[in-house]
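Alright, structures below, take your time with them.
What follows is chain A paired twice: with chain B in the first complex and chain C in the second.
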Partner chain A sequence: MFRAVCRLQWKASFTAVALIAVAGFIVPLLAVQRAGFAVGDRRAWDLVTMLAAVESAGSLFQILAIMLGLTLSVSAWSADHQGDHVYALTLPVPRWYYVLLRFGAGVVLILPVTLAVGLGCALAIQGIDLPAGLRSYGTAITLRFALAALVAYAATFALAAGTKRTAALILGSLVAVFAISELLAMVGVGQGLLTTLMVGIFARPGPFEILAGPWTLIGV
Partner chain B sequence: MNYAIETTGLHYRAGTTFELGDLDLRVPTGSIYGFLGPNGSGKTTTIRLCLGLLRAARGTIRVLGHAIPAETHRMFARVGYVPERPHLYPTLTVREALDYHGAFHPRWDAAGATGLLRTFGLAADTRINRLSKGENGKLLMLLALAQRPDLLVLDEPTDGLDPVVRRDVLMAVIEFVSESGATVFVSSHLVHELERICDWVGVMDRGRLVAEVPMHSFKNGIKRLRVRNAPAQAGDMPFVLLARERADGASGTEVWVVRGWQPTMHQYFEGIGAVLQDVVDLDLEEGFVELLRTARSPREG
Partner chain C sequence: MSTARAQTPEERAWIERLERRYEELLGRRLKSDSVAEARYDTLRVESVLLLTDSGTSPLLLDALDDLTETLRRGLGTQPIPPLAGTVVAVRFGPVSPAWGRLIAEGAQFVQVYGGNATPRRLSAEIGHNVLLTLAQRGGMTTWRADLRLFEDPEPLWEATYIEMATGPLPGNQRCYEGDLETCRYVLRLEEDTAHPPAGATAGLGSYVESRFRGRANRPALATLFAACVERDDPEACAEFLDIVGVEVPRMSTRAAGTVLFTARDLGGDGALARFFADTTASIAARLEAAAAAPLDSVLSAWRATVLAHRPAEATIAAGTQWLALFWTIVLTVLATRSTRWR
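Presenting the complex of A and B:
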C-alpha cells in the first residue's frame, strides 16, 4: 500500500524533484568553485571574501529545501483537490492513516534529494586543501538540508491538505496581519509587528529556526 | 428482509435552497435498485450521505450493516463506488491506476481486472489524462467491479457516454451481478436504462423519496385508462389516481393515469356509471413522469 502511494507521489512530482536534486548536487560544487577554494593559487583571494562567497551560495540550500517541501506537498494533494478528495475518501482505510501514507511518501522523496546534496557536498570538498582553521561541514549541511526540507514539507503539507476555504483563511489572516502591521507602523505604534512575528516564527527556538541563519559549507 | 442500505429519518440541508427531508431508504440485499429522479432531486446527495462523504444533520445510515459515518472505511472494503465525476489521478497510467486501487482493496481481483481491460478495450499504458470520457467511465466501472464488492454504488454511471460504451458498462454490471449476487444501487435520470436492469426502484423528487417499490409493481401498477362519462366526483377509488385529463377529440372521454391497478377494478367504473374503454400499460418513463406530477401536485379523486 505504501509502495503504491510512493509511486503515485513520485509520478506526480518526479520532474520537479529531479530538478531540485540536480540543483542540490550542483550548488555545493558551485559554491566551492565560485569562492575559489578549488583553485590552486589561494593567495590571490582573501579568505574572508572566500567564506562570504561560500555563505552566500549556501542560501540556495534554504531555497531548495523550501522548494522541495512545497513541491512535494502541493503535488501530494493537487490531484485530490481536483477530484474533491472523493477517491481518497472512498478508499478502505481510515482517513488519518491515508494522510500518514501520503505524508510518508513525501518524506521518502526527500531522501534522494538529500543524497544528491550530500554527494555534491562530498565531491565539492574532496580534494580541496583547506587552510588551517577552516573546516568543511558537508555532513552537517546535508543533514540540515534534510531537516529543513522536512519542516518545510510538514508545514506546507498541512496547509495543502486543507480545502480552498482553509487556504483562503490562512492567506487572508496573513494579509490582515501584514495590513495591520503597516497601518500601525504608519501611525508610529507597534513598529515592526511583522518583523517581530517573523523573528518569532523563524529565529526563536522552534522548528522553523532551521530554515533561518547561515548555511556554510566551509567555515571556521 | 435484509437491507444493503438502510436510512432512517435522514435529514440534510445544503445552504438555503436544498433540503433532504426525513429520508427512509431501504435497498434490499441482492437487488438491483434503480434510484430515479430529475436533476437536482437529491440522488447524488443521498448517495454521498450513505457513503459517508457528507454528514447528515440527523438520522441513521447503515450500509452492509456498518454504521455510517463511524465505520465508513470498513464499509468501503465491501463497496465499489462509481461517482458521477471522474476522480482518478491523472498522472497514472491505466495499469498503474489498477495497481494503486488494488493495493488498497483486500478482495482485489487482478486477473478479473485484466480481463475487464480487454473487454472494455482499454490500453493499459495510456495515461488517465489522455482517456476519453467513455474510457474514463469504463475504467471507473472496472475498478469498482474488480474490487469484488458486496454492494456496487453507481452514480449516473452512463451519463454522457455513447450508446456502445453504455451497453458495455451495463453488460459488465449485469454479468458481475449474475456471478456474485451483489447488490447494485444505481442512480440515473435515464429511465429506460434502469427499466431493463432493475428489480427495485426508488424515486426522488425535491429531496424526498416519493416512491420505493419493486420494479414489477411500479411498471405493472401504473396504467393509462380511457374512461367515458365519468362523474366529476368519482367517490372512493380502489386505486391511486395520478392524473385526470380530458381526452383529445372525444367529448365526454377522459384519460386517467392510475397507480395500483388490478384487472378486477373495472367493476368500479360500472359502479359510478362510467365506461372503461381502454387500459394501456405505461412504460417506466411515463410512469415516472406521472409519479412526479402527482408528487408535486397531489390530486384527490
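Presenting the complex of A and C:
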C-alpha cells in the first residue's frame, strides 16, 4: 500500500520536485563561481566579499527547503481534498495509519532532492582551490537542508491535514499577530512583540531553529 | 573688493586694554569657580590618581574594587613608567571651568551621568582613560595598534583569526601560512613600509583595479595605475595608493594590538614596564624587550595563539537535529489527529 501511495505522490509532485532538485544542485555551483572562488579568479584578494556572496547565496537553500516542504504537503493531500476524502474513508485502515503513509511518501521524495544538494555541494567544493584557513560545509549544508525540508514539510502537512477552518484559523492568527505587532511598533509600543514571536519560532526550542542557519557553504 | 586696513597704534592699545580687562574678569570668575567647585577628593588606585567630587560615592567605591583587579590583570604589578602621575578626574556633575583646567593640565576626564552608571561601566571607562594616557605618553603613535589590555582577549583572538584567514590581500594569508616577514608587515612592525615583502603585496594589482579604476583619471595616476594593474608592480601600486590617500591594506589596529598580549604573556610581570621603558625605540625592539625573546619568537607564539583560536566549525549545533526530529514527530502526530475525519 505504501508503494501505491508513493506512486501517487510521485505523480502529483514529480515536476516540482525535479525542478527543486535541479535548483538544489545548481545553487552551490553557481554560488562559489559567482563569488569568485573558481580557480584562477583574480578576486582572491577579497575573501570577505567572496564569503559574503557565498553566504547570501546560502539563503536560497532555506527557500528551497521551504518550497520543497510546501510542494510535497500540498501534493500529498490534493487528491484527497478533491475527492472529499471519500477514498481514504473507504480504506480498511485506521486514519492515523493512512496519514502516516501519506507523510512517509513525502519524506521519501525529500531524499532525492537532498542527494542533489549534496552532490552539487561536493562538486562545487571540489572545483575550487579553498584558501588556507577556510573550511567547506557541504555535508553540514546537506544535512541542514534535509532537516529543514523535513520540518517545513511536517508543518505544512499538519496544516493541510486539518480542515480549511483550522488552517484559516492558524494562518489568520499568525497574520493578525504580525499586523498587531507592526501597528503597535508604529505607535511606539510593543516593539519587542514581533521579535519575541520570531525568537519563539526560529530560536531554540522553536520548531524552525534548523532554518535559522548558518547556511554558508564556505566559512572560517 | 575690500582690503584689510592696518591698525593704528591707538586702536592696538585699545584692543590690548580690552583683552587685559577680559582676562582679568575671566580670572576672577575662574578663581571663584575653583573655590566653589574645585574641592575634590583624591584616591589612589595602583599608579593612577583619581580626582573626584564625590569620593564617598558607593558607585565609585564599588568601581574602584573592580578597577584595581582590572589594572593588575591587564598591566601587571610592576610600575609602568609612562603611567606615573596619571590623573583621571571623575566628575559627578557637569564640566566647570575649574574641572576644565584639570583637563587642560593633562588629566583624563570621566563624567558620571546618574541614570545608567554602574560600577562595572564606570570602572571600564576609567580603565579606558588610563590606557589613553598610556598610549599618549608611551610612544604608541609610531605603531597603529589598539591598546585593549583590559578587555577579554578571547573575542579579540577569534576576530584576529578571521582577519588573518580572510584577508585583505593574500598578505594576511601568507602570515597565516607562517611567513613571519609578511606577518611583521601586516602587523605594522616594519620600520620600512615603502618596500613591503613580496608576499604582502601579491594581488595588489587586482585590488587596485577593482577599487580605484575610477580614480585613475589624471595622466600621472593613469600611468601608475597601468603599471600596477598590468604588471602587478607592487611599488607602482603602493605609489598609486599613496597618491590617492589610501594605505596598503593590512591587519586592523585591533588585530595588531594582540601582539602585545603575546609579548606580555611571554615576558611575565614587568613585561609592559619593559615595553614602555624606552618610548623612542622601535616597536619591534620594544616587543622583544617586553617578551625577553627575539621578535620572530614573539610572532611565532602570536601566530600559534591566533591559530588556536580558530572559530568552531559552523556545523549543526548539538541538539538542533534532535529538536528538528522532535518537532517533525509532534507535527505528524497533530496531523494524524486531525478533526477532518471525526
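Here is the rule we go by: the second predicted complex is superposed on the first by the 207 of 220 C-alpha atoms of A that agree within 3 Å, B and C clash if a C-alpha of one lies under 4 Å from a C-alpha of the other, contacts with A are read in each partner's own complex, and residues count from 1 in each chain.
In this section, a residue touches a chain if its C-beta (ideal position, glycine included) is under 8 Å from a C-beta of that chain, and two chains touch if they have at least 3 such contacts.
Here the structure is a predicted model, which means the values were calculated and not measured.
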When chain B and chain C are modelled together on chain A, clash or fit: fit
First, second, both or neither for A:48, with chain B first and chain C second: second
Partner chain(s) touched by A:12 [first = chain B, second = chain C, both, neither]: first
Superposed model, chain A: greater residue contact from chain B or chain C: C
Cα-centre angle that chain B and chain C span when viewed from chain A, reported as a multiple of 10 degrees: 160
Partner chain in contact with A:3 - chain B first, chain C second, else both or neither: first
Touching partner for A:95 - first (chain B), second (chain C), both, neither: both
Chain B versus chain C as contact partner of A:166, first or second or both or neither: second
CA minimum distance (chain B, chain C), superposed complexes, angstrom: 7
Set intersection of chain A contacts, chain C complex versus chain B complex: 89, 95
Residue ranges of chain B in contact with chain A within the complex: 51-53, 72-77, 79, 81, 83, 85-92, 96, 99-100, 103-106
Chain A - residues contacting chain B, complex: 1, 3-5, 7-8, 11-12, 79, 82-84, 86-87, 89-95
Parts of chain A lying in touch with chain C, wherever the complex brings them together: 42-48, 51, 85, 88-89, 95-96, 99-100, 103, 131-135, 137, 140, 143-144, 147-148, 150-151, 154-155, 157-158, 161-163, 166, 204-205, 207, 209-210, 214, 216, 219-220
Touching residues (chain side chain C, partner chain A) in the complex: 161-162, 164-170, 173, 176-177, 203-204, 206-207, 209-210, 310-311, 313-316, 319-321, 323-325, 327-328, 330-332, 334-341
